[in-house]
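Before I ask anything, here is the structure I am working with.
For reference, chains read A, B, C and D in written order, and residue numbers begin at 1 within each chain.
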């Protein structure tokens, strides 16, 4: 990640602010506010604003429950209770805003989370940065054989080099032609004074999906948790997971109690279907429990055994 | 509006916070933060948190437009431009949270604005306050003759007194019976030790729609503007307008530049239909412009003439 | 439930339609289309329109997965897979519209589900029906001692009679006064020709929360499932559950395969937290597993043991 | 637009359905149901399902207004009234579902409309079609000088040829390399049996933004109108407007009365700001009205004069 001089100065200016407020603050999050946390080769995540902290969740839950909530002894107990029982609205009372630089193909996955506010850099209006995502060799994996949405073994040696060369050269060539069509370089210099430039909204179509874009992305805490539980998960594509991981760190700084409850009741949790529950009950009672009688599909059986750590039962 | 000792103390505690933050602050809004601003006879509006200010809108618009935005000379010019052209997403980058005490029939109108986060006091869980909205005599209006959703002339004298007496006595009687069913007074004292109390989730159905409830209500600036343009409007019911008016004041404190643009391009604005536009064009050219040739309905014609201030043309 | 002559005729007219369409149809749902299915004492649920069926889910999933989906052998297998892995967007491709008559306090819970379209009867505009929900004696339960949101033992005998009398008389009295304020009876007849009527938007505040309202409510299948999983659940208040149960029947008619997957993976399912999973693993291995070492709260431990059916382990 | 044999057969199968239903139908829309309406060089729009028609809007409005609505004499009058006064919820009671094939850069603009349901072809899962959007020469415009988001004069001759060649060759080259990385051709044939293929989720990043994707897109009528008023507008990029235009035709078939009201009150309408209104009033009165006294910016003044057709007043 390379920031321009202007970007660096803007961050320094923002971080040097010392405003006094009656609002609650989150001291650990303040420490990294505005900082550009690097992700992938050219991307970053910056927390640029936030509203509320763990106590805001508690406060709004107490409005709902009135005097009744006094019985739950601690804030932490109440947050765990809310998380466990999926009482979701108090978590909507906190808000966070990120500035993110990310490859377009990652942005396309990300935007599918609809309950967020977004302002994206407009390639209709301005020229995109000359930066493309090129994976590290250690992430260059083959198509998985059994999971159509996943990666299998690493690709090594000469084939890996060939792939990286294609990715680099194609992105570079396409960007060069993008500039030619625009008749303008990224730095604003005109290429040929006698020519017009193609409209930006047209020229951009020549760019590749690993070109970087950037946006402001703002969401409430509940929807952030939903985003993270899907995108920091092992089934998510590595490239978006890299962002989700950095954002999970910011979650921990921002609302540490919520973070803990989230790890216990969401990230580390599993769901048992009605049929899966029957299997587990039998297993606990020490009854003989065969796949054939379970009513589960082979895939479900394997997923269940794997989640519970009984690999010896895999089919 | 009467606050309990506990509520008063909570507000004092909240207001005495002096936290240092790197976030932007809105100094005029800070001045009234947490304060209970009275509305109607027992209601209030409190701003309890916020995120962003006018500069946040500008900042995220500049991310969208990239280097291109430098041409718009001022922040104020940019905000006006965004408002005028309904470029709405930058306004979603600011967020505000209110604590509101309001009659249930007002809450039922309010909740129709879906893009907000809400935590309401639960009458399933706790006992509602013994407070009901009783209108001032000056708001006791007859059903409008020509507008089925509106109020007409004031009701005076004996009939007004009779109405107010009914409203007060019925609300009081229903609340007394609510306590009897619960076998518990609002202050928590049990009425008859030998009896059980009816479940709260059932007893509440005996309350009237002018009973007060309360909630935390959080929304982004764009949806706040939508709410205010509908609810601070003359066509809105007086009782919800009273809330919208107080909230419009908080808008002015929070984002003064946006407030101004809102007054010019939304509150004071009017829409001309395709046919209405033709009429206006003819009128400007001084051409004879008759209702019969306008293609407008009588109602539309009148609405248009009234908006433009040509009452002499009313049919 | 008593329908007016006009309502009955409207239903007969709607049901006698025989239109030809190229769209998919759901034959079992067509059988009850427009029918007023009774709920509570005066309420009803009517399915008034729908779009799509089980095959629509499959079809849109196949667009997402392209040629890859061919491997999943059956439609039913694919729907189960989608439900199990919370691949939610294909379920959004079906839509249903209900006409519902329901008490206002139920409507207030219901409306908290924001992702739906609603048109409610306007008491600002028209006079509400003279109908109130009065519970059956068998639902007149005391406040639960250990669950602040629930019901405990039944209330019997004289106290039950007293409660029912209060509910009936208060609702009746408040409606009578509502008519007096309006100076108009429900049937439209004026009470006193020399008086004006109070504006409807004001008079309505005298009504009780068990008065009936009605609305059109339209939602996609995914959000219907979310609604039903919360509102057909044992923790939901009986009065809204009564509606959810009838709607669950319509779900079964409409999309039978989805219904089955829903019962297995949502309604009958349970969630294990990270700590709960450790407990279950130990129990299966036959290891000694004590509450003290589990890291669970007493409440969590009991909930877990209850879900798994090991009541002997309750604390 | 070229459909595969399978696609053609699927459309024929869908169109040959003759189901009987009690639901309302829209005869003119039925005529084109499932048909692939061509857009751009390889794209299409297909209406694949719908719910409701003009009468559904009327029906739900009548539920809101109760007996009161009888006064509005006709369905058409009511729909116009609702549109004019932005009573939006009745328009949410109709739903439509499209199957769309579109270039990725168009999809990225389109997806910003969040209130819709989407299932997109997954390039993580399957291989994308070998089709790219190449503009017609008549759409190859230069960057506008005065509108940073728009197109100016056409680019002709040799420069146009050069641009088209770059677009074609770059897209082709990038797709060829995509296949090489996958080690698999679009038709499924393996390129080199001794090699593995790169994971699809990685290889796709080499594709250009003019590659075609496809999705199912479902929305309610209100949000369709919002989409069309923005995207069928002259300020929208030509490529998305081409889709919006075809969809506007389907709107006309589906709900002809709503379509008419939409053209009058939305598409052909204009908004007057508070200050703009003052100017218009003065102009009608024949008063001398100068830019300097108007309080408008130069840009606003010009926009106003242009909308009203007084080009002689442009600054």
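Rule of thumb we're sticking to: contacts are C-beta pairs under 8 Å (C-beta built on N, C-alpha and C of every residue); 3 or more make two chains touch, one makes a residue touch a chain.
No experiment lies behind these values; they were computed from the predicted model shown.
Trainee: Please find the path from subunit B to subunit C through touching chains that uses the fewest steps, and give that number.
Mentor: 1
Trainee: Nearest whole angstrom, what separates the Cα centre of subunit B from the Cα centre of subunit D?
Mentor: Averaging C-alpha atoms per chain gives centres 34 Å apart.
Trainee: Please report how many Å separate the Cα centroid of subunit A from that of subunit B, as a whole number.
Mentor: So the centre of subunit A lies 35 Å away from the centre of subunit B.
Trainee: How many Å are there between the centre of subunit A and the centre of subunit D, using C-alpha atoms for each centre?
Mentor: Chain centres of subunit A and subunit D, defined by C-alpha means, are spaced 29 Å apart.
Trainee: Identify all positions of subunit D at which a residue touches two or more other chains, and write them in rising order.
Mentor: In subunit D, the residues touching two or more other chains are 65, 68, 89, 112, 118, 122, 125-126, 148.
Trainee: What kind of graph do the touching chains make: line, ring, star, complete, other?
Mentor: Per interface graph, the chains form a complete graph.
Trainee: Provide the residue numbers of subunit B that touch subunit A in the complex, in ascending order.
Mentor: Residues 14-15, 17-25, 30, 33-34, 49-52, 56, 59-61, 63-68, 89-90, 92-93, 95, 97, 99, 117-122, 125-127, 188, 214-216, 218, 220 of subunit B touch subunit A in their complex.
Trainee: Once bound in the complex, which stretches of subunit C touch subunit B?
Mentor: Residues of subunit C touching subunit B: 103-105, 108, 111-112, 114-115, 118, 122, 124-126, 133, 135, 139-144, 148-153, 155, 159, 162-163, 166-167, 170-171, 173-174, 177, 180-182, 195-202, 204-210, 237.
Trainee: Using the touch definition up top, name the residues of subunit B that touch subunit D in the complex.
Mentor: My answer: residues 65, 68, 71, 77, 80, 84, 89, 112, 148, 263-265, 267-277, 280-281, 283-284, 286, 297, 300, 307-310.
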